[in-house]
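Next up: some structures, all given as C-alpha cells.
One chain, chain A, links the two complexes that follow: it is found with chain B in the first and with chain C in the second.
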Partner chain A sequence: MAITLKKENKSKKIKATSHRKWTIGFLSAAAFIWVFYTYVLIRTPEGFQSVVQSWFPPTGLNEALVWVICALGLNIVVGYAGLLDLGFVAFWAIGGYSAGWFMSAFFHQANIHILTTANPALPGIHLSFWAVIFIGGLICAFFGIIIGAPTLRLKSDYLALVTLGFGEIIPQVFTNGENIAGFNMSNGTKGISPVDNIGVPGKALGPFDFSWKFAIFVLLTALMVFVSLRLRTGRLGRAWLAIREDELAASMMGVPLMRSKLAAYAVGAFSGGIGGVAFATHVNGVFADRFNFSISIILLAMVVLGGMGNVWGVMVGALLIAWINSTGLPAFGDLVNSTFNTSINFPSYNFLLFGGVLILMMLYKREGLIPESRLKAILHEADDATSNIGGSH
Partner chain B sequence: MSLFTNGYQSRQDRRKYLERTLGLIAATLVLYWLGINFVKSPSQFFQASLIGLSNGVLYALIALGYTLVYGIIELINFAHGDLFMLGTVFSANFVAMWLGQEYLGGAQWGVFFVCLIAVMVFCGTLNVGIERFAYRRLRRAPKLAPLITAVGVSFVLQFVGLRWNGSGQKTWNSILPKGAFFVGEVRIPYTTIFSFAITVPILLLMSWIVTRTSQGKAMRATAQDQDAARLMGINVNRTISFTFALGGALAGAAGLLFQQTRGLTSYNLGYQLGLIAFTSAVMGGIGNLQGAVLGALLIGLIQGLNDGLPIGLGQQWSQTVVFSILILLMAFKPTGLLGKRVTEKV
Partner chain C sequence: MKKSYRAIGVVAAVALAATGLVAGTSAAQAATKVLTISTDLPLQGSSFDSNDSTNKAIALYLKQVKYKAGKYTVKLKLYDNATAAKGSWDDAKCAANAQAHVANKSEVAVMGTYNSGCAKIIVPILNQAPGGAMTMISNANTNPGLTKSWNPGEPDIYYPTGVRNYGRVCTTDDVQGSAAAQFAKSVGIKSVYVLNDTQTYGQGVAQAFTTEAKKQGMTVLSSGAYGEGWDAKQTDYTALFTKIKALNPDMVYVGGIFDNNGGQLVKDKVAVLGDNTKVKLMGPDGFTGYPDLNKMPEADGMYLSFAGLSSDLLMKIDPKGAGAKFVTSYKKAYGKEPVGSYPVYGVAAVQVILAAIAKSNGTRKGVTNAIFSGSGITIPAKKSVLGKALTISTLTGDTLAKDVTIEVIKGGEETTLKAQTVK
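Entry: the complex of A and B
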C-alpha cells in the first residue's frame, strides 16, 4: 500500500502539467501518422506501399479509433465504476442509428436541413455531424439511464445479465424495425445507407476521405481521453473508484450510490453513442446485422487486456485488438503461410484468441497490460486466501 | 398485510403497492391476450402450448445446470450454453458413427441410450475440467474476474464447436420414430412424448440426488456456507466438482434430446439457448431447483404461444419478449417466482 500512496502523491505534484503533457504527446503522434499517410507514403517505393496497405491500411486505422472511443466509454463503466456491462453494443447501435436518422435521406417525409453539406434538394433530416454526435450521445445516455435506473440496485452479476439482455433486444428491435405498427423505423436488414458527409469548414468529406476523417476521429478520441482523465480525478471519479472498491463502505461515507452509478452508465453510453455515429460515417451507413454480442465481448476484451481503469492501457488494448481483428491476423497469416508454405486459416482462430485472452488475463494478469495501481491491489487482495483453498483436504 | 389500515408509511410500502398493481395489470393483459387467442382458434392454442412445453422441458435441463452452479459458487456460468452446444455436436457425431446408412431396427434404442450415457459423461467431464482449470483459482477473486473468465470459456467452447461442426448449420437424421398422432386437431409428434419420457425421470433422479443422498446434502451445505461446510468435514472442492459434473451431464442430455428432436446442430446454438435457459433459472429464482424447472416450462410456454398464436408478435420478436421478461423480472422481482428473499450482502 505504501508504494501506491507514493505514486498518488507524485501524480498530484505533476497534475498541473499532466494534461498538457499527454495532449502534446498524443496529438504529435497522431500528427506524425497523419503526415505519414497523406504526404510520405505516396512518395515511397511501390513495394513498401503495398506492405503498409496490407498491414496498416488507413481505413483500419480509422476503425480502430472508433473502437478506442467505445472502449474508453466501456472503461468508465467497467474499469472505473466496476459495473460489468455485457451489452455495450446496444449503445453503439443506437448511436449508429441516430446517424442514420438525422444524417440521411431516410425519413423522406421530413425535409430539414441545418448546417449541413448535403444537397438541399434531398429529402430527409440532415443535421450537422457535430450536432448529431451530441444528439446520438444524448439518446444513448438517456437509454443508459432508462436501463440503469431500475436495475442498478441489483448485484453485479444480475446487472451483467440485464445489460446483456438489453444488448440483445436493441439490435433485434432494429432488425425487425421495418414495420412497427406500420412505421418504418430502421429499414430492417437493409440498413440505412448512405449517410451524409462530415462537413468541415470549406469542405465536405466523402466516404473515402480517410486522412480528414482520421483527424476528426483523433480529436474525438482525445476528447474521450480528456473526459476520462478529468472525471477520474474529480469528485465523481473518486466516487466511482470508491464504489468499485467497496460499495458498502462507499455508501457509509456518503457516496450517493445510485446517482454515481447512473452517471457512470450515462457517460459510458454517451461515448458509445459518439462511437456509433463515428462508425456510421466511417462505413457510410448503418446495418442491423453488424450489431451482435461479439462486439460487446470484443470491447470487454479490449478493456480487460489493456488494463481496466487505465485510460492508456485501454487505448493500447483497443488498438491492438482492433488491429488483430481487422488486418493484423490475416496479414500475419498470409506472411506465415507464404513463408512456411502452409494454408492455415488464421482469422478462423478469432474465437480462440479472444476467449484465450480473457481467460489467461483473468488467471495470470488480472490487472491488464498497463495496470492501474489501485485496481491491481484490489484484484490480488484475495490471492493468499485462494492458495489456501487449493491446499485444504 | 396492513397496507391499507396504516396508510403508506414508507417508500417501501408504496413501492410494494405499485409493483403489485403493475403486476396485476400485466397479468390481466396477458390473460386477455390468451383469452382472445383461445376463442379465435382453440386447436392452434393447444398446438402452440404443446410446442412451448416440449421446448420448456429442454430449457429445464439446461436451466438446472445454471441454477446448480449459481447456487453453489454464485457464478453465472456463461459457458454452460456452449457446453450444451458441444453436447448436441457430440451426440450427432456419435449417433451418426453408430448408425451408418442402414436402419438398425430395434437396436436404435440401444444406440440412443448408449449415446445418452456417453454424452452425459462427456459434458460432465468437460464441465469439471473447466471448473478445475478456469474457475477454481478465481473462487475468492472479485466477482468480475470469474464472470469474465466464464465469457472467455464460452468463446473457447464456441471455437471448438466451430472446428467440429463447421461454420454453418448441419442437419442430421434422427433415430427416434417419426410421425405423430392427433388429438382432435392437435398434432402430437412421438418425439415430444419421447422427450417428456426421457426428461421427467432425469429430473426426478436429479432431485433425488440433491435431496436424499449424502453428496446432495454436502452440496446444499456448501451452497449455504463454504467455510462452515469445510469445518464439518465436507470436501468442498470435490462437492463443487460434483455439482459441475451434474450440471454438465444435464446439459449433455439436453444436447442429445435437442439434436434428436430438431435434427440440427450449429456452433452458435448454445449462446441463444443458454441465455433463454438462464432467464428461466432467474425467473424461477436462481439457486432453486424446482424454480428452474417451473421457470423453464413458463418461458417455453410463453415463447411457444408468442411464436405460434394467430395474434402474437411472432417468431422474429421471440428473443425480445424473453429478454424483456428477464429485465422486468430483474427490476421488480429479482428473487424470482420461488426464490427466497435473502439479505443482500450489497
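Entry: the complex of A and C
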C-alpha cells in the first residue's frame, strides 16, 4: 500500500506538469485557429475560402465546441464515476430552455432587463448571457441531483434505464409544455426564437461575430477541462475512480457513495447546462424536437470513442464526431460525387459508418483513441500479467 | 508525456490530411465571377421527394432562361438543411446554412426554406448580413407569423435591422385554413372535429380552420383554439378516434404534416370512424406531395388543400400558359411529373428572385431593395409559371394571391377538385 501511494505521489507530480503542457497546447491551438479564421482566411484566395467554408465552416467549429462541452460533462458521469447515462440530452435541453426563458422575449408578460444588450423596448426576461450560463448550469445541477437520488441504489443496466427514462421524459415535457394549466412553459414544438445576443464589454455580438463566439466557447471548454482535470486528481475524483472500479470495495474503504455519485451527476449536469445555453445562443433559439435520444447516444459515442475518462481523448472524439456529423460527411460526399460523377447520398449512411467504426473500436481499441492509462491497464490486464493496475495513470 | 506526443501526432495527421484535401479541390475552382442563387431545403427524410423535385425544377428553369437575369449570369447552389440523424430539418444545420449563405460572397438571394421553423432561424441572420440584408423567398413556408402579426412580437422579431428581406409565393396557413372551412361548408358539413400535430404549422392551419368553421356556422366539436393535438410518437390512435366517434362529427380535420405519423393517423381514422365517404377527412398541404399517403387505401377520398394552385390545375386553367408549358417540359426532361405542387412554386420563387436581380445592381442590398421598395416585383401572367400574375407585397413580402386548391385522393393519386379563392 505504502509503495503504491509513493508511486501515486510521484506520478501526480509528473501529471501536473503534463497538464500544464496540455493546457498550453489547447489554448495555443485555439489561438492558432482563432487567428487563422479572423485574420488569415479573409486574405486568402476566394477559391480557398470557399473550400474552407465547405469543409471547416466557422459555425461548425463553434457547434463542435458545444458538443465538446457536453461530452466533457458526460465524461465525468460515465468516464470518471462509471455511471452509465443514456439520457444526457435532458440537461442539454434544460440548459437550452434556460436561455430561452431568461434571454428572450418569450415571457412577454414580464419585462425584466438586467445587464443585457437586448433592446429595452422588448418585453420578456432579459438577463446577461454570463448570468444565464450559471443559472442554466445550476438548474441542470439541481436536476442532476434529482435524477441521481433515486438511482443511488441501482447499478449498471438498471441505472442506465432510469437515465434513459429521464432523457425521454424531459424533452417530452418541453414538447408538450405549451399549455400546463393555461401556462405556456416552452412554446411546444414551435420553440423559442430568437434569443438575445451575447454581450461583451462594449458591444452585443451579432450572428457574424464568429471569432468572439469562438473565443467564448473555447473559454467555456477550457473551464470544463480545468474542472475535469482538477477534480480528477482531487479527493472527489479519486472517490469516483474507486466507485467506478469496484463500488463495494470503495464503500468498504469509506468512500461516501451517495455524496460522490450525486456530485458526479451534479457536475456533469452543470456542464450540460452550460452547453445547452451556449448552443441556444449558437442557433439563436431553442427547439424541442432537436432533443431526441440520438443526441444522448452520439454524446456517449464521443466519450467511448475518444477514450472514457481521458479529457483529451473525449475532446478529440467529440470534435471528430461532431465534424463528421455536421460537415465532414456531406463535404466528403460532395467531393466524391463531383469527382466520380455519382449521386450517392453520403449523409444517409452516417449511422452505418458510425456503427461500423464503433464495432471496430470495440474489437481492436476498446479503450478509445486516447485512452486513460488506468482504464487501459484494466482492459489489457489479461494481455500482460505483470501490469500494475492501481499504479500509474 | 508519451501520451501528449501521440495526441499531437494524431492532430497533425488530421491537419495534414485536411490540407491535402483542400489543396486538391481548390485547384479545380473556376475563376469566373457570376451571381449565385441558392436553394435551402431539407434533402433527407420523407420530404426528400418533393424537395428534390423542386431542385430539379429550378435547375431546369434556369437552363431554360439560359442562366440569365437581366445583364447578369446566375449559378445555382444547393444547400441541405436536414441531417440524417433527424430525418428532417435541423436547427443547427439551418443556422450553419444561414452563415454559409452570407459567407458565400457571390450569393445574392436564397430560395427556401421548406419549413417555417427553419426560416425563423435563417431570416434574422440574413437580415443582419454585413453590407445589407440578403433576400430569401420561400415556396413553402405557410406560417403567418413570419410576415404578419400572429404570435406576440411577430413578425418584427425576425427583422432585427427593421428592413424586410423575406418573401413567399405561397399563401399562408390562415388563408388555407379559412379556404378549407369554406369548402367544408360548401359540401354540406355541419360538425367537425379538429386535430393538430402540435407543431407551428399544424396549429396554424388548425386554428385558422377552427375560427372560420365557427364563423361559417359549423359546430366545432374539439375544444381549444386549434383543436386537439396528436402525438407523433404514439403508435396507435384508436383511443383518440373512439373518443371522437362518440361525438359523431361529419368531418375530421387534421392540421399538420404527414411526416408526423400521419399514415397511422389516417389508418386508425378509417378503422374506427369508417371510410372517408362516411366521415369525411381533410388535411392541409402538409399532407400533399407524399406518394406514400396517396397509395394507402385508407387515404382514398381524403380532401386536401394546397396553398396555391396545383400543377394539374395549372394545366386545366390555361393549357398553353407558361405554367402548363413548364410542367410539360419538366415531364419531358425527367420522365415524370413534379412531385406535389411545391416544385412549381419553387420555380415561381426563382422567377421573383431573377426579376429582382435583373432590376438590381447585382448586390444583395440591390436585390432586396428591388423587392421591398418602389414598385416591387410583379411577374406578369404571361410569364408566371403559376398561370396568373404574381405580385409580392413590398410591405410584407407575401403574395397578393389568395388561391387555394382543393384536392381529393382518388385511385392512389392527388386529383384536383376545384380552386377555392378566399372570400
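Simple rule for what comes next: the second predicted complex is superposed on the first by the 361 of 393 C-alpha atoms of A that agree within 3 Å, B and C clash if a C-alpha of one lies under 4 Å from a C-alpha of the other, contacts with A are read in each partner's own complex, and residues count from 1 in each chain.
Just so we're on the same page, contacts are C-beta pairs under 8 Å (C-beta built on N, C-alpha and C of every residue); 3 or more make two chains touch, one makes a residue touch a chain.
Because the structure is predicted, anything quoted here is derived from the model rather than measured.
In the superposed model, A:Gly165 lies in contact with chain B only, and not with chain C.
In the superposition on chain A, contact is made by A:Leu300 with chain B only, not with chain C. Touch criterion not met for A:Asn337: it reaches neither chain B nor chain C. In the superposition on chain A, A:Phe351 makes contact with both chain B and chain C.
In the superposition on chain A, contact is made by A:Leu363 with chain B only, not with chain C.
Contacts of A:Asn111 after superposition on the shared chain: neither chain B nor chain C is touched. Once chain A of one complex is fitted onto chain A of the other, the partner contacts of A:Leu379 are limited to chain B, with no touch recorded for chain C. Using the contact criterion defined above for the overlaid structures, shared-chain residue A:Asn176 touches chain B and also reaches chain C. Counting contacts as defined above, chain A residues 175-176, 348-349, 351 meet chain B in one complex and chain C in the other. Across the interface of their complex, chain A is touched by residues 1, 3-4, 6-8, 10-11, 18, 21-22, 25-26, 29, 31, 43-44, 80, 83-86, 90-96, 98-100, 102-105, 117, 120-121, 124-125, 128-130, 151-153, 157-158, 160, 198-200, 203, 229, 231 of chain C. On chain A, the positions that touch chain C within their shared complex are 14, 18, 21-22, 25, 29, 45-48, 50-60, 63, 105, 108, 122-123, 175-176, 178, 188-191, 193-194, 206-208, 210, 279, 282-285, 287, 289-290, 292, 294, 298, 312, 316, 325-327, 330, 335, 345, 347-351, 369-370, 373.
Interface residues of chain A, counted against chain B in their complex, comprise 78, 82, 84, 86, 147, 150-151, 154-158, 160-162, 164-166, 168-169, 172-173, 175-176, 247-248, 251, 293, 297, 300, 304, 348-349, 351-352, 354-359, 362-363, 366, 378-379, 382-383, 385-386, 389-390, 392-393.
Listed in rising order, the residues of chain B touching chain A in the complex are 74-76, 134, 136-149, 151-159, 162, 230, 235-238, 271, 275, 278-279, 282, 316-317, 319-320, 323-324, 326-327, 330-332, 334, 344, 346.
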